[in-house]
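Naming follows writing order (A, B, C and D), and every chain is counted from residue 1.
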Amino acid sequence: MLKGFNYPLTPKGKSTLNPAPPWYYSSDFLNVEFWAEPAAVAAVLPQGLDADRSANGHANACFYDWQFSGNDEEYLDPARYQYREFFILVDALYQGKPVVYCPYIFVDNDAALARGWTQGYPKRLAQVFQTRYYAATGKAGPALAAGSKFAGSITSGGQRLAEAVVTLKEPATDSSRSAQRPLVNLLHYPCLAADQQDKPAIHELVENVPRDVKLEQAWVGEGSLTLPACKGEELSDLAPVRCGKGIRASMAYVVDDLKTLKDLRK
Amino acid sequence: MLKGFNYPLTPKGKSTLNPAPPWYYSSDFLNVEFWAEPAAVAAVLPQGLDADRSANGHANACFYDWQFSGNDEEYLDPARYQYREFFILVDALYQGKPVVYCPYIFVDNDAALARGWTQGYPKRLAQVFQTRYYAATGKAGPALAAGSKFAGSITSGGQRLAEAVVTLKEPATDSSRSAQRPLVNLLHYPCLAADQQDKPAIHELVENVPRDVKLEQAWVGEGSLTLPACKGEELSDLAPVRCGKGIRASMAYVVDDLKTLKDLRK
Amino acid sequence: MLKGFNYPLTPKGKSTLNPAPPWYYSSDFLNVEFWAEPAAVAAVLPQGLDADRSANGHANACFYDWQFSGNDEEYLDPARYQYREFFILVDALYQGKPVVYCPYIFVDNDAALARGWTQGYPKRLAQVFQTRYYAATGKAGPALAAGSKFAGSITSGGQRLAEAVVTLKEPATDSSRSAQRPLVNLLHYPCLAADQQDKPAIHELVENVPRDVKLEQAWVGEGSLTLPACKGEELSDLAPVRCGKGIRASMAYVVDDLKTLKDLRK
Amino acid sequence: MLKGFNYPLTPKGKSTLNPAPPWYYSSDFLNVEFWAEPAAVAAVLPQGLDADRSANGHANACFYDWQFSGNDEEYLDPARYQYREFFILVDALYQGKPVVYCPYIFVDNDAALARGWTQGYPKRLAQVFQTRYYAATGKAGPALAAGSKFAGSITSGGQRLAEAVVTLKEPATDSSRSAQRPLVNLLHYPCLAADQQDKPAIHELVENVPRDVKLEQAWVGEGSLTLPACKGEELSDLAPVRCGKGIRASMAYVVDDLKTLKDLRK
């Protein structure tokens, strides 16, 4: 019997892109809140999700520097399991309930891309960077202090898709992320058979089921974001009308489940 | 309605990793024939395929420098659609019929990875290189002539997984690749729901249906291949017992279909 | 005694970025002729070179896919010695004689960067791509024929710095590149000592001395080029006022010398 | 007048690889102490440095995750100024005084390579990774605590050149790095003129002059290191006979000077 969770499946299961869950994560991240044109947000929603009119185009842009591990100390192979990520979350409604949906997400690592696709994250590859915080601060290393700035950028297919800056104001209070909405993705897998290319093999709404979420060193402040127009890309249709809060923090969590909400093929 | 074939699905369908088929390809490639331990070849075969005892561990290692296009001149965006690939094909039997199976394959591009997964190719990312032929030859550019050498190498997760050299002897005759076996892949998509992680959403044998295959500038000669032992990798279990023919050629083909042979979940 | 031409110098000389010359090169390239604002061209010239008023801002933008070798079959290690390059050449005068000067050049390889710096090419790293020609043509592989298009792009520091397209019209006649001007570079090496940071250790005009130049498969046609404005970059100051001829060809040559024209520190 | 410190020199000085000093740095790093064969250490020393027999082959292998800035908030462009580094320092004597010498060093960024060459660091490009510490710890993010493990790896030209693990034991005392020796480099710039290729333009011993060095969050413990044999590389000649202390810490410093010890051409 071949072993492995994602491709490839092999006799011993060592070559697989990812071990079976649980999947453990730690990260530093930047989060910039913004408002896009409400019509642009409505346009990216899949069947089964509705525009949240009260949100008025509300969204978040996030840069994550991740470290991943399974149960076998995978974090000790950082060339294979460390990665960087950028994504957008837009507010939406599922059966009248407030949720967020991820229309765009990019990573710089294949194991992360495979885990993402398994969860309905529509990942592509990109070069993603964010300013780092070091315990040894200085002119090259901003302190966790009011006025400090942290920047993020992402480039895919050779084009700069987004740039962001978070300017710290004060440590976050415990309630800062308390109202986070559930994350609903479109799990999609196309079919290549000539007569079924418009009938995906998988096309469902799924809900992420993170657990053991930890937030540390969180600071809030002001965020700024630009989403430049690029050839062959649509991300800029969500360009900010205005920006809001910025966050810079560390985060850890565990993924070992996924909840199917609705099979959209039926 | 959202548009796109692979992730992401978007309002205009421009951001998708790939347009819907037909998919057009041109390439230069190196092919090294080799024989691995027959037991090692048998061990990588999925359920539904049988060892081809008469093949005695016969396999091929291939390096391809690809250019891809859909119907919209995608080849004019080489940063997004040009890529390099390495893969192994082992001889096997499907219902008694000679076929080849691809246990390992690597590319350096996300669009190629997505197309591959849609066809059952278990692609991971890697850095793949092969010596190029240029019309302007010289000490840095081997001619298409007897004695010329072309080398390939692949590195994934920071480890060198394979190295090959093809030494040209003579132009190929038309019949050189006439006996090519059909290519059967394991199309596999795991399920992350906690109670179904051992029940993949998709797990089938599929047969590739290439068309309009063109072969140009083909030369044959001797091949050599090494598959070094690496941490967390199993490719070296297929290390050559001996090597055979080498090929260096250009190739083009079209992909727009896939044939399902057998659903292995039943 | 330590051995090596460029860094590092080591007991056996194997780790060095480059063996000592002669250096052998083969390539495919795209060349787009264009005219920038004459004042912008004059502004990039170093001391010792004068604006060529009759050239009226004439320049060339070039994309090269290179293969390098020394005398030890370095072309058989394509992961280390194959690379891609983009550069700009502007017309100028040296002591009244027509020459070209290279203000901007980018490669994706450290050995190429080191060789370049040794010749006065001011190389930075970038991701450079050009559409390839394959003997096996098709929708993904343009033929060498009238109307075929070949595109180039370059991205550095995550920003797209240039895009070009060459549309073929006809094979080049022998005289197409006959009038090529000598290439003069600014060989520059700064000094970090606190009191000498404005006194470079090396600051001279040098002339390239290529030999055994071969041109093959050359086609000429129309060229187009864009140099978008980017943060922290000045390349776009040379943005085309208009574009001219485009070339697509293969080329080989040898480098083993450099001629010093003038020490600018005196 | 053209502006810039390193290549390229341009009208406004924005395109240059690096602004003029001062150069500011913050980092996280791993340091593994080891002993190589004393003869192998003696063999990598340049003229002017002597083997330190009492050191018995003592050396250090270091992995750094850096952030760089000049005076213009360059740390807010992390795609251009963040980078990773691996290097070896071997003990030696200069005129009888204990120093360290850097025979091998690798980075993943061109601005870092250029600054390094200006200081005599013989940098090549590589992919360098180290396990990160995050404030949000967990199975993917080791705590700063006894028993925690941090790994480093480096790959250049597609070959894995080094792997290391540091296992923490206890916080470092202030004196842990107090005895650090001065760092002496070989500043070397070759000459390409045909008759001077064995007479480098620059060939001197220089001493680094770091200032404002800060060390934070330092933990010490056990180190382990492997330097595998690789084609076309000599680093493995320094393979550890045994390993010693491991360190994991954050560090910041400033570079704005370099001291010439001796011109070796005379």
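Everything that follows uses one rule, which is that contacts are C-beta pairs under 8 Å (C-beta built on N, C-alpha and C of every residue); 3 or more make two chains touch, one makes a residue touch a chain.
If you're wondering where the values come from, they're calculated on a predicted model, not measured in any experiment.
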| item | value |
| --- | --- |
| Both-way neighbours, i.e. chains that touch chain C and touch chain B | A, D |
| Steps in the shortest chain-to-chain touch route ending at chain C and beginning at chain A | 1 |
| Chain of greatest Cα-centre distance to chain C | A |
| Pair joined by more contacting C-beta pairs (B-D or A-B) | A-B |
| Intercentroid distance (Cα basis), chain B paired with chain A, Å | 30 |
| Whole-Å separation of chain centres (CA-atom averages), chain B against chain D | 39 |
| Interface hub residues of chain B, defined as touching at least two other chains | 77, 79, 127, 129, 153, 155, 158 |
| Arrangement of touching chains [line / ring / star / complete / other] | complete |
| Residue ranges of chain A in contact with chain C within the complex | 127, 129, 153-155, 158-160 |
| Interface residues, chain D side, partner chain A - complex | 24-28, 65, 67-69, 71, 73-79, 82, 127, 129-132, 134-142, 149, 151-153, 155, 165, 212, 214-217, 249-254 |
| Complex contacts: residues of chain D adjacent to chain C | 1-2, 5-12, 14-15, 17, 20-21, 43-44, 46-47, 77, 79-80, 103-105, 109-110, 113, 117-119, 122-125, 157-158, 186, 188-194, 197, 201-202, 231-235, 237, 255-260 |
